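Chain lettering (A, B, C, D and E) follows the sequence in which the chains are written, and residue indices restart at 1 in each chain.
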Amino acid sequence: MDEIQRKLQQNSKATREDHLGRTICYICIGLIIALVTCILYFIASKGIATFTKDHVNVWQFLTTSNWEPTSMDSKGRPMVGALPMIVTSFSVTLLAALVATPFAIGVAIFMTEISAKRGAKLLQPVIELLVGIPSVVYGFIGLSLIVPFIRHIFGGTGFGILSGTLVLFVMVLPTITSLTVDSLKAVPMHYRQASLALGATRWQTIYKVILRSATPGILTAIIFGMARAFGEALAVQMVIGNAILMPKNLVSPASTLTSKLTTDIGNTVMGTLPNDALWSLALILLLMSLFFNMLVRFIGKRGNIKNAS
Amino acid sequence: MKTYDFNDKYIIDLKSEMAIETDNIQVSYGKNQAIFDTSLKFPRFKIISLIGASGSGKSTYLRCLNRMNDKIATVDGKIMYRNVDINDPKTNVYEVRKHIGMVFQRPNPFAKSIRENILFALKENGIHDKNELEERLEMSLQDAALWEEVKDELDTSALALSGGQQQRLCIARSIAMKPDVLLLDEPASALDPISTSKIEDTVQLLSKNLTVIIVTHNMQQASRISDYTAFFHMGHIIEYNETRKIFTKPKIKATDDYISGDFG
Amino acid sequence: MHPKRTDKIATGIIYAVVATVVAILVFLIGYILYNGVPDITWHFLTSQAQSFSAGGGIRDQLFNSLYLLVLTLIISFPIAMGAGIYLAEYAKDNWITDVIRTSIEVLSSLPSVVVGLFGYLLLVNQLNMGFSILSGAIALTFFNLPLLTRNIEESLNSVPDLQKEAGISLGLSDWKTITKIIVPEGLPGILTGVILSSGRVFGEAAALIYTAGQSAPSVSYTNWNIFNANSFLNPMRPAETLAVHIWKVNTEAVTPDAHAISSGSSAVLIIVILIFNLGARFIGNHIYKKMTAAK
Amino acid sequence: TGCSNNSKSSSSSSDSSASGKITAVGSTALQPLVEKAASNFQKDNSKISITVQGGGSGTGLSQVQDGSVALGNSDIFAESKDGIDAKKLVDHKVAVVGMAPVVNKETGVKNLTMDQLKKIFTGKITNWKDVGGKDQEITVVNRAEGSGTRATFEDAVLGGDKAVKSQEQDSNGTVQKIVESTPGAISYLAFSYINDKVQAVSINDVKPTDTNVETNDWPIWSYEHMYTKGEAKDATAKFLKYMDSSAVQKGLVGKMGYISIHDMKVQKDAKGTVSNK
Amino acid sequence: MKTYDFNDKYIIDLKSEMAIETDNIQVSYGKNQAIFDTSLKFPRFKIISLIGASGSGKSTYLRCLNRMNDKIATVDGKIMYRNVDINDPKTNVYEVRKHIGMVFQRPNPFAKSIRENILFALKENGIHDKNELEERLEMSLQDAALWEEVKDELDTSALALSGGQQQRLCIARSIAMKPDVLLLDEPASALDPISTSKIEDTVQLLSKNLTVIIVTHNMQQASRISDYTAFFHMGHIIEYNETRKIFTKPKIKATDDYISGDFG
């Protein structure tokens, strides 16, 4: 057997390198999965205690609006109704996404279609800086500018869903924008060429060809923006008013899941109902972020099918 | 690389009716000039090939003719189409592109059905009459020699077609707009010989009704299908003549070298 | 000329939208800098914080933020790199990969309070790490991992497959091809990801309040023994970061010059992020050019 | 384990030789005082390192009960917190803090009767004109449920009734800011957080001052507690002793807006019963 | 499309020494079989062209020969190289690829300097001797007919080269490894005629020392440079013979039709 034949049938340095590399990657991915499992387990087990240990009815938890974990109702059951927080969380999230989306799409179109070179160069750092501004700072700017502004215009205290929406609008703008930019960039260059060569105007090209084929990507961007809004705590907490009341309008104090959580967690004792009930709120947040992700996957799959058929 | 004198050029003097002509076109990408002083006339209902080495400026020149270079390059000079200088910034470029269609090197159908690929631009241009649309659909696919192959699956995705079919679809999409001039930039270079020869047939058929200007690397192709051939070298037009003459008796040394493969 | 007019109007609207967004940012940054820059003095940057008297600085908080960032990157970057390579190069298109991707996405969209509380429960209490920089860095790793992983995956995917084929066809192992050819080419993209996630680490407060804590015990900057409780490098000490500091001085308005401190700190934060941004870009380009011999 | 309470002390009783690591967690109202005292203390006891954290009274109590920290800071008696077994904990009162209602300056109100105050916080009075102020709606701002400040205030004012549902804030600073800027706002703050940007309100014409607290003429006050699990030992004991020393009680406590326990003429037990000392 | 009987095939029986041979190769992408039962022998130091319509499986087959289809497709059958079945999963694929190099349709130099492009894999394979490296660098660039053009700028980025130069660099990179067999998948299809003819010259030169298997769409190219030609159709090998014979007297109707353009 000659040298080459032997080498062909033996493992070499390259084989070992590959094994090592693969192992490293598997370990890393394993770590991430372990982390996620761990976080899911911890929060789920804590969050479920309200229902298993303290015997709160899940349905009641989700649909009633009285949150007084320290007192009992007439039947001797603790009163933990998270409905106002759930409603408020959804309201600010949806509204913020609603306001931010047109802006995000506009900016993204500008960056990819209208002024791809200079526009992108100017706006990329703008977006990165918006991401970089800490949420506490957003919160305080909200508290010292937006709340008085809203109070001035609408009366009342100025705290409420509207202020929360405005703060979140700025906070989710970069998320939605940069993901939208990605999805617009992913539309093959030749679609634009083809459309322009047919005599379509730029706007026709953008509206009928580019936005159409980027729709799944844009929806994904919006959902990720909503996930971000849903989970934002400190900034919202500063401007939302933190009153556990069903929101009557956009300018009355209300409370989101996150704001309730941050406000109260330090004042409760681990293992007692008031504390468990807060963990249940955290569990809702967790489930919602799972839900948002499922939604994105679903849209991604649908988008693929649509493009392929 | 051999060097040639760019002044040593030959441009045939044509007398017939012209579809489009360029007058002293200069194109620059930023500071780099890609096309120098190019004046060519393209007779109606003929097929004209543009040949030349890679980077010689064929695509750049071709893309000027329907203003696809807008925003990418600066184009100076006049481009006369129906007595209008379509290189004038005031000219409506969208109209220009409707009359002067273009097909690219790589097939680029939209991710829509075959039908929608053809009808999309028509509808956008305000044609909504069902009959007219159907007619145009069939006519253009017929002309692009694609009708027989796809007539039963007009509503499936265009992306499911083979490369050659996609390219013919792109041609059909262009001719559905009833252009006067069709610009083709190496339309067959990504295709196999069979698809290529189908495209060549299509092009020859089309030239009954419109003028075709085609960029190609394939000398055989140029000599097979075109009436006139223009040879580009480093941004300069070196020779423009009847195809037969270019390939048998080129007047300029550079052309001769290029065609005989003794170039560069 | 109808489509042409629509085109004009649409373009006009887009310009207006962009102008609004830029105006918002300019206003925000302007507001923060205008209010904060006058408060930034050498003394402010180099002295300790005070809780009851005016004139406190942010030396420790600034250092803590940077140190936390470095620790977070040290922990999260290698893991993200491995995971990113896995997803870009090894992952097959099956349900396991789907699960992995979903896990990463879930991690990335977890609310920061939830991560903070989880860190508090697991790291601070269960694992007895206490309020410490390390707890904070691990908690922040949770945010950083998905961002970095996704970014690394994208950067690697954006390197054409042709490059991988080139490497493999020369008899190089997949691993060599990835680490020596694909990763260097994806480097600018990876760096951008690191910058963006660093911005988030810098600004994060909610998760840190419960993990790295909200106190900045005085440390000695001359003690290089990282196991010494007094050392500035000790990862087991609690560490209030700049963002947490801003939050604290504002919520506990016992410091007379709370407003000045928080404006100053906000401005410092933004400036640091800016510097970091530009610096990383510069270095990234430099490295890229060096590695690819581009001019 | 990073920062638990395993304080190792050397056999010597000399002042500077005790060593160890102490972590104090809990009440945000008490945090600044303990932080400051700790840093002064460490100047003379370089071997002891003290870490002070906020987190809230609830956190302080539950962590000291778990044994994960040496000291649990709280504004309220351990007895009054659900889930805490007060018998296992040893109380060290280190200061007293008074609390007063505060209102936005524009309301035009400087004094309220106890009954009016109760009606405002239970939602029965909703306009300032009913208590002699401007025609303006009242905005009640509460501290977070479970906060020590809120518990103390409600014990003294509401007499068991439920507070109206309204805004809740978890920190004194935010409350201060909101009352300052929101027309018609009312809330309550520890004396140390009251400044001239908000109007402190007298009750039944008694002014919220330290002297009135010392005699219980001002009824809204509470102790600041530092709890240990079992008797304090070693470094912890030493630090607690320092907290009780005159350096702290006569200096720091007053300077930071608290009242020294030694100055009190009365005392309060866990049930809220006040008696003379 | 005309249909042909796949059993109607002709495969020349070769007797000389073989560089590599395949025995009943079958390739499937998932459920789609792309190559059926293909047995071919490639004589040493010869140039063999693979021709056939788009999608006929030329690339798929070629990529099996150095296991580039691993993880993409399932490959059954034997591939004998130096008496070893290199399709055996136990064979060290990295070694295989060192001996059987490959160059792709689109030039794919690394984003490194010209020098590093050539030396990278050598260094990784443990060659660190300065002189040896320099020697291989020059030798391979010489053999790829690129040395004269780049010798003064070895440290500039390979990406700054023209397409044709990049492709020759890729060939140089492959032959620097001193392979036994070189696989080329349409190496010139993206290039202009001048670059193409340079590549053809290079290939002919190389065949003095190694065996070249080249996929091409260009019939002229196949007939110009190769000693043997294999014609693929829909995953089947239809005819394998001396090039001269294939292009003058094909034995099978399908081949004849394809070559004369009367196919499909």
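Throughout what follows, contacts are C-beta pairs under 8 Å (C-beta built on N, C-alpha and C of every residue); 3 or more make two chains touch, one makes a residue touch a chain.
As the structure is a computational prediction, the values presented were derived from the model and not from experiment.
S.K.: Counting one step per pair of touching chains, how few steps separate chain B from chain D?
M.R.: Minimum step count, chain B to chain D: 2.
S.K.: Give me the chains shared as neighbours by chain A and chain E.
M.R.: Joint contacts, listed by label: B, C.
S.K.: Ranking chain pairs by contacts, what comes out on top?
M.R.: Result: the chain pair A-C has the most contacts.
S.K.: Roughly how far is chain C from chain E, going centre to centre by Cα mean, in whole Å?
M.R.: Chain C and chain E have C-alpha centres separated by 48 Å.
S.K.: So the centre of each chain is just the mean of its C-alpha atoms; given that, what is the distance between chain C and chain D in Å?
M.R.: From the centre of chain C to the centre of chain D is 36 Å.
S.K.: Counting only Cα atoms for the centres, state how far chain B is from chain E in Å.
M.R.: Inter-chain centre distance comes to 33 Å.
S.K.: What residues in chain A touch two or more of the other chains?
M.R.: Within chain A, the residues that touch at least two other chains are 13-15, 200-201, 204, 262, 265.
S.K.: Can you pull out the residues of chain C that are in contact with at least two other chains?
M.R.: Answer for chain C, listing residues that touch two or more other chains: 3-4, 171-173, 176, 210, 250.
S.K.: Would you give the residues of chain B that are in contact with at least 2 other chains, written as numbers and ranges?
M.R.: 94, 124-125
S.K.: Mind giving me all the chain pairs that touch?
M.R.: A-B, A-C, A-D, A-E, B-C, B-E, C-D, C-E
S.K.: Flag every residue of chain C that touches chain D in the complex, lowest number first.
M.R.: 51-52, 125, 128-132, 134, 210, 213-215, 217-218, 229-230, 236-238, 248-254, 258
S.K.: In their shared complex, at which residues does chain B touch chain E?
M.R.: Counting only chain B, the residues touching chain E are 53-55, 162-164, 189, 191-195, 197, 217, 219-220, 258, 261, 263-264.
S.K.: Under the definition above, what is the set of chain D residues touching chain A in their complex?
M.R.: Within the complex, chain D contacts chain A at residues 28, 54-59, 61-62, 66, 81-84, 139, 144-147, 162, 165-170, 174, 177, 181-183, 185.
S.K.: Quick check: in the complex, which residue numbers of chain A touch chain E?
M.R.: Those in contact with chain E are residues 2, 4-5, 7-15.
S.K.: For chain D, which residues count as touching chain C in their complex?
M.R.: 1-4, 21, 23, 28, 31-32, 35-36, 39, 42, 49-55, 63, 66, 68, 170-174, 176-177, 192-193, 195, 255-257
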